[in-house]
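You will see two complexes here that share subunit A, one where it goes with subunit B and one where it goes with subunit C.
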Partner chain A sequence: MRRTPLPTLIGLVVAAAFFLTALLAPLIAPYGMSEIVGDVWEPASAAHWLGTDNIGRDLLSRLIFGGRTTIFVALVATAVAFAVGAAFGLFAAVVGGWVDLLLSRFVDLVMSIPSLIFALVVLSVMPVTTPVLIMVIGLLESTRMYRLSRAVAVDLAVMDFVEAARLRGEGLRWVIVREILPNALSPLIAEMGMRFIFVVLFISTLSFLGIGIQPPNADWGGIVKENKDGIVYGIPAALLPAVAIAALAISVNLVADWILERTTSLKGGRNG
Partner chain B sequence: MDEMLLEIEDLKIQATSYPPGERPQRITIVDGVSLRLEKGKVIGLIGESGAGKSTIGLSAMGYGRGGVKLVGGSIRLNGQELRRAPSRVLRGVRGSQVTYVAQSAAAGFNPSRKLIEQVIEATLEHGRMSRPEAIERAIDLFRRLDLPDSETFGQRYPHQVSGGQLQRAMTAMALCPKPDLVVFDEPTTALDVTTQLGVLSAIKRAIRDFEVAAIYITHDLAVVAQIADDIMVLRGGEMVEYGTCDQIINNPREQYTRDLVSATNGEDPEIHPEGEPVLTIRNVCARYRGLAEDVVKDINLEVPPGTTLAVVGESGSGKSTLARVITGLLPPHTGEVIFDGSTLSPALKGRSKQDLQELQMIYQMADVAMNPRQTVGTIIGRPLEFYFGHKGKERRLRVIELLDKIELGEEFIDRYPAELSGGQKQRVCIARALAASPKLIICDEVTSALDPLVAKGILKLLRDLQKREGVSYIFITHDIAAVREVADTIAVLYQGELVRYGGKAEVLAPPYDDYTELLLRSVPEMRIGWLEDTLSALEAHLPCQAPEGAAPEMSATD
Partner chain C sequence: MNASIWTLVAQRILLGLLLIFLSSALIFAGTQLLPGDVAQAILGQSATPEALANLRAELGLNVPVYQRYVSWLVGLLHGDMGTSLTNGQDIATAIGRRLANTLFLAASAAIISVPLAIILGLVSVLYRNRWPDKLISAVTLASISVPEFMLSYILVFYFAVQLGWAPSVAMISPSMSVLERFQAITLPVIVLVMVVLAHMMRMTRAALLNVMQSAYIETAELNGLGRFKVIWRYAMPNAVAPIVNVVMLNMAYLVVGVVVVEVVFVYPGMGQYLVDHVAKRDVPVVQDCGIIFAAVYITLNMLADIFSILANPRLRHPR
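Then we have the complex of A and B:
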């Protein structure tokens, strides 16, 4: 195999660091998540490396636990988006006809509504718990997964090896899971990387607006919201979670780009 | 009887194999084989590929191919021990007392030297004759082997003669030094049937005339039965049965030999055409949705068991559409398809698993006919599992058996399609179709994406499989040369209509209808000025009616 390019390596290292930190948060974080350990907005010191937040909690610990929440929610939501989107997308492409038509038009309908507005409406009438949040984000993002997987699978479904499987009398399940999915997987995995970033941004936005992760739990968007007033006084506490969001987004992006590049020989563009 | 030319006793041959990632291993490829050959007699060595036939044949010259060692037993030629003989002795024997005719004559000749020089080379080298004598003998041999213009034939270069002629030239080369023993290693396997016939009779006559002894190696029992006095049946490097030709053919003792004999007997094409047709197409009309006109119009065809129906026509003539109708991908709007005595449901969904199993398809583009993410083992193994419930080890063994049938080795089982050549891919597709033990295989332009040599190999494989398995083919093609090779009956389609239908000889003989003539005329010939000749001839006859009896003679292509 060719050497992995440097930007990809950087992306891999940074993303891995984020994921490890999220995984090992209780071990790494110097203080508890909602433990008040000092004054409001203390500057960085040996005891509090990044200072404290608007009510005197250790900002580093808060960022670490917040990252854990953000990454966990984003991962599960992406998995939901992938599972639902790819399943329906491949199904529609293989079955075709009015099933395809119906599903595709429905997805078009959902996509025509800005997803943030859609999520705001849904979350304002539903109790905001983590599972609900994950489902809402996952289902909204699944429309993009659907589009891509259907586009890739439509090309594959007319290939002779799929026809051969059909002539053999194989059922829908085998055709989708064994014949088409393995060949569609590369672009879908790359797209999953992209979707993960969008989900991170999405959940951060929702939390910033106050309808995402609810206090006292933290996530990066929420931390920005809590500390945004400090910016006026020159306190950088709100910028740190923003930097974390950007760093994660960029590092995952670098990796996703690399995966996509390696699979350009396969059909299927990206959208969204 | 006292004069034993060749005595091989308890021969054991080993080879070194280098499995990837492991230490080299010694594997025994021939074990405990003994044979005796008198002067002027022919022994046939027969067996599947890998049976050790060629290895034994070569050992009669004291030779082992790269990595092969003659580790035990003895080989005596005219009383002289060849195993472990010094190479000086072997050099004296090879090319004078024992000569060799290889399977691929095309690869055996030096393309940059005239044939005559190569034919007499070994003779002169060993000082068996003077040059004028050798040339005279070579010309005599050319004449006996039915080579054209025997006086001047030797002046040609290898590329100027046909494959069959080259094979005969190689036989002449082997016979030229007046050897005691000639080893024929599948000399006709690479040839088409009609050429094989000529070469075979020439070889037989030459052996008789010159009273040489011969070892004739082949996998084709029918061929060896024509030529051998004794036959030895080999399997996996061991002797299965050894007896006279008559005994082996008419009264085989071992089960394996019986199988071989019955498989070969089944090949007699005269036996098959009788009996209930495997497939009957009755008044079929079909069109694609949204089209106002039928793509195939009122087609009536039959496929007798064990035969090949070639469906010929240019692109757009409805050949592939017909295949889609038969497979159920495109239900016809009138007419019916009768398969194995019962009417098939027009749509794929209504067909039983058994219908699907017995009707298989091979595609034009082997590349896209196989899932690139499945190994050869999965591709071939899936029908076994799906139709017959073979699992695990049983399935693997069956896959290996099928790989053997398509002349690929066990090592292919874990490869992905991308790791195969074009011809190998098509072979794997054939194996996948065979795995279902079908009664009928539809071959949709299976050779048109392959280069001619590979295509020839595929056609030969299909023919051999038909002989052994008794499967019928519908062979869809636009390639008349391929049709000549495989077809028993031919249907010519033109714009969706059946314009000509009948036995091969009948369809390919004048008088033609306009379209068939055009089709036949369009096969390019290796001749300068062919294009002009053909075009002017076509202008004279087409599009106006071709006058009866005045049809031009068929172009010779093989």
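Then we have the complex of A and C:
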């Protein structure tokens, strides 16, 4: 195996730092999430490294807890998208016929509506709670996982080892889980990285629009919403989550790119 | 041109219309997902039974779902979009004005971003792997790693507040002159351009590079033609199909991008209208806005398909 390239290493380290911070938020954050510790929009100081927010909460602590919420919601939503999308995608590819046709056309239909618009429509009647958000985003994103896993599995389903498994009388479940899934896993995992970033952006956008994570809980989009009025007075508090999101997005992308490249080269593909 | 290509185009148009029809059903179904009913969700748990009954009657919840869907759809086709729950106004009038504003914003962004994307794509192929190419790649990559609303605030912070070059909100009113309007929408247009530019430019670059590997390009180069002429006269015509396709897809994306940007800049368009009424749980407005956004999006995607059919010479000569 070749050495891991430098950008990937940086990506891995930064992404790991984000996940660790999210995991250990209560230990790392200097103050509580909704603890009012100072004046409104205090500038950065030794006590408050990034200053305070619109009602005097420590901004660094808000960002750390916000990252915890955003990353947690995004992880679970991505997992939902993966589980639902891959399950139906592999199922459709293996069964084929009208089941495949029906599922694929339905996914086409859902994808023909912009996902932000569809999410807004659904959330206009649903109670906006974290589980509902996770399900709505996860199911909307599962359409993309469905397409990819179906496309990968259609190629695999006609291979000899799958045929052999079928001929020796293995059930549908075995064929999907033991024969196809392991071979389809690497492109799917790389795609999951991309989806994760997309979900982070999605949930931040919803929160910013006031239809995502509800206050007093912090998340990156919500922090922008809370502090946006300060911008006009030259207070950059609302810009900090942008830095956090961009850093997370770029680092996860670097890792996902590397996974994709490694797996294509393992198969003797273009990058070999 | 012959019959078969027009058959393909006609098929795409029919498919597009079918998709719009089906997506109206999906959007309608999306607002019926609640286990309870919409009236309860709007008024909350503490609502009095009379208020609930009134709202149910107003929403027409006493008739079966499919009848409500059909009457909504028939109304839409006749331009009757119903009335808003929150202020009792006619939705069609409100949407008409806002749709024009939104299209103005999106069209301005499109007119700037499309030529710019193609020129930048050309430049980065011309200077492949040298600093202009790398600079363009880095900037475009950075601009897609940040969500639209954050990009907007970064621009507002530096250009509107610190430098004072452009207004930080994009209020426009019917009394404003064209020039004043353009000045008001400077920042939102820049944000939208940055959002779609990256993807279009990268795809232009990829499409051109793909063509540049062909043998006939090598022949042209060996004949001593200048690099710019080779790219512009010889590579471009064969790269037009994928470029047009990605341009149309990004125009479709622009339609969704305006939603967020309008909210940031308090721009009186469709997106702001939709988001406002989602928060107020004004279901009729949300349904109408939803289907309009979906219809525009599907239409632009359909146009992308049609363009790529028309631009593909292989389809003009059936085997």
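In this section, the second predicted complex is superposed on the first by the 264 of 272 C-alpha atoms of A that agree within 3 Å, B and C clash if a C-alpha of one lies under 4 Å from a C-alpha of the other, contacts with A are read in each partner's own complex, and residues count from 1 in each chain.
By our rule, contacts are C-beta pairs under 8 Å (C-beta built on N, C-alpha and C of every residue); 3 or more make two chains touch, one makes a residue touch a chain.
Worth saying up front: this structure is predicted, and the values here are computed from it rather than measured.
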Clash-or-fit label for the pair subunit B, subunit C on subunit A: fit
First (subunit B), second (subunit C), both or neither touched by A:160: first
Contacts of A:168 with subunit B and subunit C, given as first, second, both or neither: first
First (subunit B), second (subunit C), both or neither touched by A:34: neither
First (subunit B), second (subunit C), both or neither touched by A:104: neither
Per-residue touch tally on subunit A - higher for subunit B or for subunit C: C
A:127 touches, of subunit B and subunit C: first, second, both or neither? second
Computed vertex angle (subunit A) for partners subunit B and subunit C, CA, steps of 10°: 110
Contacts of A:217 with subunit B and subunit C, given as first, second, both or neither: neither
Lowest C-alpha to C-alpha distance for subunit C against subunit B (Å): 20
Parts of subunit A lying in touch with subunit B, wherever the complex brings them together: 159-161, 163-164, 166-170, 178-179, 182-183
Interfacial residue positions of subunit C with respect to subunit A in the complex: 19, 22-23, 26-27, 30-34, 38, 41, 141-142, 145-151, 153-154, 156-157, 161-162, 168, 252, 255-256, 259-260, 263-264, 274-275, 277-279, 281-283, 286-287, 289-290, 293-294, 297-298, 301
Subunit C-touching residues of subunit A, taken from the complex the two chains share: 108-110, 112-114, 116-118, 120-127, 201, 204-205, 208-211, 221, 224, 228, 231-234, 236, 238-239, 241-242, 245-246, 249-250, 253
Of all residues in subunit B, those that touch subunit A in their complex: 327-329, 348, 351, 353, 356-357, 360-361, 363, 365, 368-374, 382-383, 386-387, 432, 436
